[in-house]
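Chain lettering (A, B and C) follows the sequence in which the chains are written, and residue indices restart at 1 in each chain.
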Amino acid sequence: MHHTIETSNLRFAYPDGRRALDGVSLHIAPGEKVALVGPNGAGKSTLLLHLNGTLRGQGEVRVCGKAVNDDNLPAVRAAVGLVFQDPDDQLFSSNVFDDVAFGPIYMGLSQGEVRDRVEKALAAVGMAGSEERVPHHLSGGEKKRVAIATVLAMDPEILVLDEPTAGLDPRSRRGLIQLLRALPQTMLASTHDMRLVAELFPRSVVLDGGVVVADGATTELMARPEFLEAHGLEAG
Amino acid sequence: MLFTPNALHIPDGFLTPFVSLVGWGLALILLLIAVRQTRRQLAERQVPVMGVMAAFIFAAQAVNFPVAAGTSGHLLGGALAAITLGPWAAALVMTAVIVVQGLIFQDGGLLAMGWNIINMGILTAFTGHLGYSIVQRLAGAGRAGRLAGAVAGAWASVEAGAIATSIELAASGTAPLALALPAMAGVHALIGIGEALITVGAVALLQASRPEVMGSAETAPGQKTASFVVLGLLMAMGVAVLSPIASSDPDGLQAVAGTQGFAVQAQGNGLGILPGYAFPLVQNPAVATMLAVAGGVSIVFAIAVILGRAASRRAAGRS
Amino acid sequence: MHFDLSDAYRPRASFVHRLDPRTKVLCALLAIAALGVIPAGRWALFLVMGALIVGVAAGSRLGAGFAMKRAALALPFVLAALPLPFTTSGRTVFEVPLVGWAASDEGLTRLASLLVRTWLAAQAAILLTATTPFRDLLWALGALRLPRILVSTIGFMYRYLFVLADEAARMLQARSSRAARLGKKRPSLRWLGWTVGMMVGTLFLRSLERSDRVYAAMLSRGYDGRPLVFVQSEMRRADWWALLTTGLILAVLVVIPHLA
């Protein structure tokens, strides 16, 4: 399994005609840690939703070498773990166990395997033993961790995160950064948090107005403040 | 003491087990139909949409609305749910709310839940929807029509629920219809105004910001069936109101039962769950009459559903 | 208004808590059904039911009076039942002066029995929810054949109630701060209804949008519309004993009136 993500000339327009993506071509190799940055409305979240087949546009999206289509959607969704911006959208079950078990259950795993995956995923995010807890009793940082666990339980090869540090207090943010650093998966994170980018993501892709305007080493990007400003960013 | 003016949640103990069971039977049948209709309407989006909408209704019911002298009214929401989600989805959403209110907050009993679901979930949603559709047809499909429809549907929904509740209480011998009906219908005629105001405000906002939401509800499947169902229920309610139980003169009731031999029939036909149990109401001819009405309701209902199905199939065939 | 539906649950290490949730749901429903069937005026039988309920409350380590203190009576319905003594025929116990309404002893018995039934039934429901976490309760309802779709809808409602209630509370706060600025002028009922309507409409839209995002999240984790459920618990010997005992006691109470 060569876990790569590729998009070729991806285009997408919303029902009201708004062009969200206007020819995005991207290649992410196994093991890479890539940041997706850009101003609001650039199309970042829209792009992320294409990577696991939630949205389907024109042009091609290939995950692990195969084009995303109706037949391989379950495999794609297991391989590409999408972590949403608002953990309340992702934690929709009555307790932590049910949420983390959701993915494995729909993958058709046995009860024993499901329990196993839940335990491992929760341990990986530092929330071991929280199976019985109720989502609205969790703190923001805890919700974020459990949200990541819900995705990890499916054993994805690629982690795609939408604004991972949004809304976190400094301590939770620090904890999340440590967690992300420790995870082995290929990673693509859409974010405004340029300090996060500088710390964790050696490669950055800048998206603005639905097109890629830059794609290269983060250090090089950070050295171009006028370019960053022109695209609604600040060098952390 | 729970005192909300809109309380239509019948607690346990107020309805006889027989009446409760009829309610549960009817509710389950309608719920099963609702499940099928919403599956057609929403497919896999069924669960997240209805679940979050149920939470919305529950939360919206808490938004209070000062009426007078320290009391406040609350939204029941059945009509709003039906106008925005379609009648069958609304029925399921309201049912979810009612189940939780009964189970967790004892707002409404567990045996009585069948009728509570029908009164507050199905009758309100369907009457609200019917009122909305009829007024829209008369006033035009534009903004004014939708707003007028919302007012009519919302008010009618509350009235229908209140009247049905009074009938169920009367059938259980808990309160004579001649007292309960005017009281419930009267009070809820006022409460219905609050419901209408809130509902029309919400519909106005939706019409202004996301009219496509209103549009998609208007094309929800099963609307004709829903109209037939509610017409059947409303007719049955009309019959019940006009039937002998409306008379508060016990001698009159006794005479009717005597001449028609219903009292004897009720004891011997095995419809009671435990043979000849000393139910205080077996002596009450109201139960006997209700047996007849219940039988009639079922027949009317079955006809309505069959007609509704045939109508929607014909309509589907044409399109 | 409580929005945390898990509020009602009180975790304890008691054998009642450990019972399968299906057992508890069935016992509660049977008890309430029995209450409905016991005829009016059988005070001894009601007393035994009350004792049973108190016993369960004590056995759950909630305290014998736990449910008694919390069972409220719905005022509008109590009011609806008040005419009972005057509309039921029987031996007159007293007469209301001026109007001359005669209260019969059969009627008073019926009213009192009704109130006792409601009160005891509410206690049974309270004990059920106090000894069973919401999620297990929901699972039990599904296992007892409540339509799956309804169970899932309730599950989501449980989860998002807190979130939406938060948003509603924030809107209410915004409304009251805006209302303060209106000053002395009392807002008309129509204005109030209209603004509440607008708030409700806004909440509706936010809920609809949230449901879209939740659906996307579900799809991303492989959801395909099938109602899959993780099997929760199994009936053990204690459960069957509890069901049997409860069933027998209730059956005896229900049959006694017919033995005379």
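Everything below uses one rule, namely that a residue touches a chain if its C-beta (ideal position, glycine included) is under 8 Å from a C-beta of that chain, and two chains touch if they have at least 3 such contacts.
Nothing here was measured: the structure is a model prediction, and the numbers come from that model.
Visitor: Among the chains, which has its CA centre at the largest distance from chain B's?
Guide: Between chain B and the rest, the longest centre separation is with A.
Visitor: In terms of C-beta pairs in contact, which of A-C and B-C ranks higher?
Guide: The comparison resolves to B-C.
Visitor: Using the average of all C-alpha atoms in each chain as its centre, how far is it in Å between chain A and chain B?
Guide: Result: the chain centres lie 46 Å from each other.
Visitor: Where the CA atoms of chain A average out and where those of chain C average out, how many Å apart are those spots?
Guide: Centre-to-centre distance between chain A and chain C: 42 Å.
Visitor: Please compute the C-alpha centroid of chain B, do the same for chain C, then give the distance between them in whole Å.
Guide: 19
Visitor: Which residues of chain B are in contact with two or more other chains?
Guide: 48
Visitor: Which positions in chain A touch two or more other chains at once?
Guide: 92
Visitor: What are the residue numbers in chain C that touch two or more other chains?
Guide: Residues 134, 155-156, 158-160, 163, 210, 214, 218-219, 223-224.
Visitor: Can you list the chain C residues touching chain B in their complex?
Guide: So the residues of chain C in touch with chain B come to 1-3, 5, 7-8, 28-29, 32-33, 35-37, 39-40, 71-77, 80-81, 83-84, 87, 89, 106, 110, 114-118, 121-122, 125-126, 128-129, 134, 137, 141, 147, 149-150, 152-161, 163-165, 167-168, 172, 189-190, 192-205, 207-208, 210-211, 214-215, 218-219, 223-225, 227, 254-255, 257-258.
Visitor: Which part of chain A faces chain C closely enough to touch in the complex?
Guide: 49, 52, 54, 74, 77-78, 82, 84, 86, 88-95, 98, 101-103, 105-107, 111, 114, 134-136, 150-151, 154
Visitor: Would you mind writing out the residues of chain B in touch with chain C in their complex?
Guide: 1-3, 5, 7, 9-17, 20, 31-32, 35, 38-39, 43-56, 58-60, 62-63, 65-67, 75, 80, 84, 92-93, 95-97, 99-100, 102-107, 109-111, 169, 174-176, 179-180, 183-184, 194, 196-206, 209-210, 213, 248, 250, 273-274, 276-280
Visitor: Tell me, which parts of chain C touch chain A in their complex?
Guide: 4, 6, 134-135, 138, 155-156, 158-160, 162-163, 210, 213-214, 216-224, 226, 228, 230-231
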